[in-house]
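Here it is: the structure, laid out below.
A, B, C and D label the chains in the order they appear, each numbered from 1.
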């Protein structure tokens, strides 16, 4: 992730979410903890999958995707109580899985600076069943969120 | 706390903070977890003590108060992803300690409804030392935040 | 709680549990965070209610009690990576609610020292219903766990 | 990670740690949450780096490594209250960074089964400074923990 300069550009991502940080997100080092980053990326992913463009059709009450892989590059220390802006795009769409690319930004003296990158591989499947092809309507929504540039 | 009807009135509290809830604040019951409430009350208390009316004078870099006691009344289930509004007032000022009264609200069909109450006893002390009298300037700020009604 | 010396005596409690602490339980102060104490007391309470003496009869799959109130006295700083021993007793049994008294200990130079006390009020009720009387079998189990001394 | 069968063999890892799970590690799905896995891997990594074979020499009070990258493969659902055994090995040693390979196991009907894999890239550096070569004594300790097989 970190070797692709596009990933550190907020404009490369069609979707974004501003999240508060919490005192409890800091660890003994006085900066946002590594696991707290995972929590913020989870929050963005969940809101995207439950209420945003990745949400299932209205007749389905539960998301049909499971998280198979999460990778995070830690680029800089994060601060509290500043909020974090997490940007989101789809970087890959396979037959039954897709990759969500995210980046976390905080404001610095020179504008937003990227403090972490995250790739999540999500697998579509019927409840309790094996991976199944991404339905056409879902694929269409994902295509509209492709990473740009 | 819960037997004082004033404590469930948002207008009884001079200060307030709107906080996001997180997916991770829910437990297996599908509602905001009891400990997550403690986390939200902590966040409100920390922001009050570090950056708000309870903050130390500018020449002091660290808060001079420690938490001696926290009590929470759980009144109703809390929901995700709705935000929580936490209201804050000072309900008691002693010689070296004071009590922060908080209430958590979420919007319901009939307006905000109170889902939890919290009392925190904070003790003022010099770093590494015994409890010490609340300084006059701090006392004045706390007096201005008295619980109303 | 803190004014009752009996509450700081490990032997006053019939039940106990040793729990690991985690790096993530510390906050910026380098000690166990206040909310982490709430998490450790929750863990003890849950294990007691689900798998221990407070568990429902085997034909019931879910606990029939809800947490109405939690109060914690913070007595001393807690350390990582030392484990915490949480002791548990029943300090009050009403018609439809009871109070769980807990204390958290860590080893010191002079033996175990008490770092926090916790009272939790649990209300028995049928699922989705109003408070209901504590069943005789449950009352009997709770009576056997009375705080001693 | 997940395509290397060796990574799912407990015996491939020279070091291991048994960790308790907590009620709060579960999310609404009733299984160990993805971020809770990150927390358990962090705990293993921290204990390894602070108190275990990866610890700095006794004259250094702080670890000299920072986490640059964490990747987790989620292979199966994790359960509470069963403990998790996390195994640890060194899978790569570069000039100033190394990779810690971990796997999480829970007991199943047929013995331990692997529920998640984790790779963490750690960078050695002098405090506040740029990456610096891994010292010979540290390199020697890391070499002794190579992934086997």
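Quick note on the criterion: a residue touches a chain if its C-beta (ideal position, glycine included) is under 8 Å from a C-beta of that chain, and two chains touch if they have at least 3 such contacts.
Please read these numbers as outputs of a predicted model, since none were measured by experiment.
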| Higher C-beta contact count, A-D or A-C? | A-D
| Mean-CA-position distance for chain C and chain A (Å) | 37
| If you average the CA atoms of chain A and of chain D, how many Å lie between those two points? | 23
| task | Mind pulling the residue numbers of chain D that touch at least two other chains? | result | 23-24, 35, 39, 42
| In graph terms, nodes being chains and edges touches, is this line, ring, star, complete or other? | complete
| field | List of chain D residues in touch with chain A within their complex | value | 34-35, 38-39, 42, 66-74
| query | Where on chain A is chain C touching in the complex? | reply | 23-24, 26-30, 33, 35
| field | List of chain C residues in touch with chain D within their complex | value | 19-20, 22-24, 39, 42-43, 46-47, 50-51, 81
